[in-house]
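Here the chain labels run A, B, C and D in written order, and each chain numbers its own residues starting at 1.
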């Protein structure tokens, strides 16, 4: 059955499903409400499976790694992604090694949910895109869903899979509405098509995919440009091969990323597509190389807006080959 | 005057020069000797400007940021790069903001020297390439020198410039010999040419540039392939425009990086080169997507070796356009 | 302070009126902001005890600290509103307010972010002899390991840091001095509802640090202001009214917890006429109203928004 | 332990002989390795006090812990030598030795890396009722903030963790129990040169944790083995000889600091004949020699080096 639900509700339902299905799932986080967090109602149903942490990110993230190694399925809701920097070592330099060093005997499927990107007026220290830093860690799955269905699938995949996971979520997706089919396969594909068209391809991740969709809709209406928009649901392991396949079927591909260019997930995928498909027309649109400033009017000069995506795609489409 | 000196000695001499020239330079680190560290002899000359830290990376790195904001020029020798993860926030989410948030009134030119990459038998937790994670931080300079001259220039640039800096150094470069001219300009260019040729270009960083040089020398001897090898001395701000210029003058470009592909500095540069020069022949050779295992025989299956670089370049040169 | 001196009251009231103004403007403020209601005693003490040359590390809840150090409320409000007014240009917002000329070089909004940086300030100051470093943080900061590392490092390197923990975790919460003492740092407690006690305790701590060039630790215990309880602060207690000091107001907060009214009561008890208090109140109220006016009208930077967003990222190369 | 019981001696001697073997093979070992000389008392106590089901977080200096828990010295040596022998396949090396079947799921080589992970073990164990968590770390780990966070978190969440700090910072170094106590964790000290004291102190700490399902902290103070002083360990004291227990050896280390000889002396004083000690020594020596032989000859994995390097990175997708 497909319903239309807000993004945050899909997230909460996935969590409820996992808590119902598996008594080893425990949630570590504060009781802040949607869109920041997703425990509405569920906390009351499973009070003993919600743990309230002190402001000790390093110990808490590491404890989740240990708990996962010992058989629990902890999911930490940390809030702002940069708080993770205080416990950076846990998911970057501990959890991923557990299986490798035990010759496959032990896994540490701890799940970390953070709010990444620029939420507007969060300030330079609260708005970051750590997905750029996390995509090169072998064994650490990294997801950037963009729709109710994909956040649902991602939460279920994270809490049933055997790898440590970071879900780089986005505050500004919280109220996005979209279809959700809870019964559909939760086998998360690395790409989600948000619309299809023949004239070109836009590849985004997280919020940028929604903005790209808006830009593409407007280009379809206003400029008769018919575009495909794909979201990178999975950033690691890298979905570049799937993107290359899709890119090959379109006259051009524009990559849109909220991260700064250097180290951006989009740029890696693009480099592999360029290697695979020499001569393919490729364009990279990222945040400009500055901080995400506090004032929203300044921020709009920095991260790709619907308008800037639209203009970039339109200009690129018009360029002679 | 140009002399031939080992890499670690060039590093020590640059440090001595900075200590001599500027009383605000202080060194924070342990007294371990070359090739790990570079304080031989200098420590005795300036005992009160060397501080021995406890095993408190977060406090120590943050203190260096504060000291730099207050007018000192601290240089932290942390040893193994992954220890930085314990104090990740300091250089990633504190130091770079100081100038921006003060409207240009205050800067925090703290310098951090770490040993990155795979040193052989360091183990999965001690061998990392955090440069992948650091290249997208605006305002944070990131250097990967590969020769005695470039480490010298980089240390001097770091300790005289006004930005926070990370020097991602490499244990295995320590004994490399090369020319050093202390009187030469220390204006660090983003690229250093290690050899020149017309048949193709190899772009590396840190140890990979030395390995590429060896591979290129062997291809010149054995296969009459005449290659240019360039080291990315600076990774951030990104040197992609300079690389694009160089790539344009060569029939093909191979990028070699000790990091895993996703997020690797080489892949970002390559994505921009591909965007700038559509149709350019580009190839990306990175560490494979696993950990750096302990046993050297296993490690050689993972990071680009001279042999693998040589084979990759040879095969790519031979491919039909 | 001599009897009848209204300096302390004025400082605290400036901080309070400022934050009341912030709360009144909340619908024009993007994003989070934190007010200092109830913590004015340590802020005023900081303003009174800091010497020129001393450096200060504050935190996301910094309004009162900056006001009491003497920062311009109009500039602060303009920044909190995100206006592109120099020097912070709307890039910082409430949580990163700073004022280098008053010793606040930079403000970290991470919990405990400023704590280890204040050690670096102290290292520089110890070498220059220019002063000591003050470091202000909430009780939550002591849940972060880096605060413990910092206490230890400050002792090891003998750094002149005055740690000030603004503990608003509630009456029943344990004292945090044992943590400082476990690292050998001299520690004391003061009651944040008794501003004069806070001033003298901070003077004492700072004196120790100035004399010995070693750290000291002061825990200031205050009640949490009820308006902080929600995700965004709400002015649930209503504006502060000094005339309420003359009698019980019926509000538990104002009667028992508010340091501003507590100081007003001390002054009345000393025999200061209520009119003098009212005069100060009127001046401060007018001052903050003028600042709000100025914040909204101050000339924006002449640079474009794009330039403002992208400048001061990299140093000009030498 | 009843009088004349040689179990404790045997465990410690196994650990010592193992590390002596490591040092003899040093020129065949790539990279860093850390030996446990002088820390055998806490290791043996761990082996004696651990119940089946308990989990253990050790650290880079883990050889004695694993030996005393009962791990196969041949597998350990093969791994230290970097041979592609299952289960660790040469991917781990000395610093990451682990043995899930003995409660050591994974070993972090970062200072204090295992400390907070042991809290997660305890969380899982508390829910399953299967046991408690032991966490072993050096005095250096308490310089890391995360160790302090962990003490606090273990109390807040009431986690059954037995923290064991192997303090080899020297006679004059301060005791570290105050740090644990500042967080409310029950703490005790034992002398690492007196193995029986260590065993009973650990039994007591573990008993408290088992009974109350709350943390406990034991500081074991040992002398630093002089061979650790350099960048790589060197066997400056020469191989351990139990017959030296009968008299002064002239070596300050063996006479005053070595827990192995200390326990041998206790046994002799109890009237255990020297021959029984020699018999144990001969057995252990032979056992370790056989292990070394086996480590060098054990069959490597049938997978290629490339496969070994690249497998077990990602989970097989469900």
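To be clear about the criterion, a contact is a pair of C-beta atoms (placed from the backbone, for glycine too) under 8 Å apart; a residue touches a chain by one contact, two chains touch by 3 or more.
From a predicted model like this one, the values you see are computed outputs, not experimental measurements.
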| note | Shared touching partners of subunit A and subunit D are B, C
| Farthest from subunit D in C-alpha centre terms, which chain would that be? | C
| query | If you average the Cα atoms of subunit B and of subunit D to get two centres, how far apart are those centres in Å? | reply | 37
| Per the centroid of Cα atoms for each chain, what is the distance between subunit B and subunit C, given in Å? | 41
| Euclidean distance of C-alpha centroids - subunit A vs subunit B, Å | 30
| Could you say which residues in subunit A touch two or more other chains, in rising order? | 54, 56, 58-59, 82, 86, 89, 93-94, 97, 100-101, 124-125, 138-139, 237, 289-291, 293
| note | Contacts with two or more other chains occur in subunit D at residues 89, 91-92, 96, 108, 110, 113, 143-146, 149, 152, 313
| task | Would you identify the shape of the chain contact graph, picking one of line, ring, star, complete or other? | result | complete
| Residues of subunit A defined as touching subunit C within the complex | 32-33, 54-59, 82-83, 86, 119-126, 288-291, 293-299, 301-302
| request: Would you tell me which residues of subunit C are touching subunit A in their complex? | output: 30-32, 82-84, 89-93, 95-96, 108-111, 113, 140-141, 143-146, 231, 305-306, 308-310, 313
| remark: subunit A partner, complex, touching residues on subunit D are 55, 57, 86-89, 91-92, 96, 98, 100, 105-108, 110, 113, 115-121, 123-125, 127-128, 145-146, 149-150, 152-153, 156-157, 311-318
| If you look only at subunit A, which of its residues touch subunit D in the complex? | 26, 51, 53-54, 56, 58-72, 74, 87, 89-90, 93-94, 97-109, 138-139, 141, 160-163, 187, 237
| Which residues, counting only subunit A, touch subunit B once they are in their complex? | 58, 82, 85-86, 88-89, 92-94, 96-97, 100-101, 124-125, 128-129, 132-133, 135-136, 138-139, 235-238, 259-265, 267-268, 270-272, 274-275, 278-284, 289-291, 293
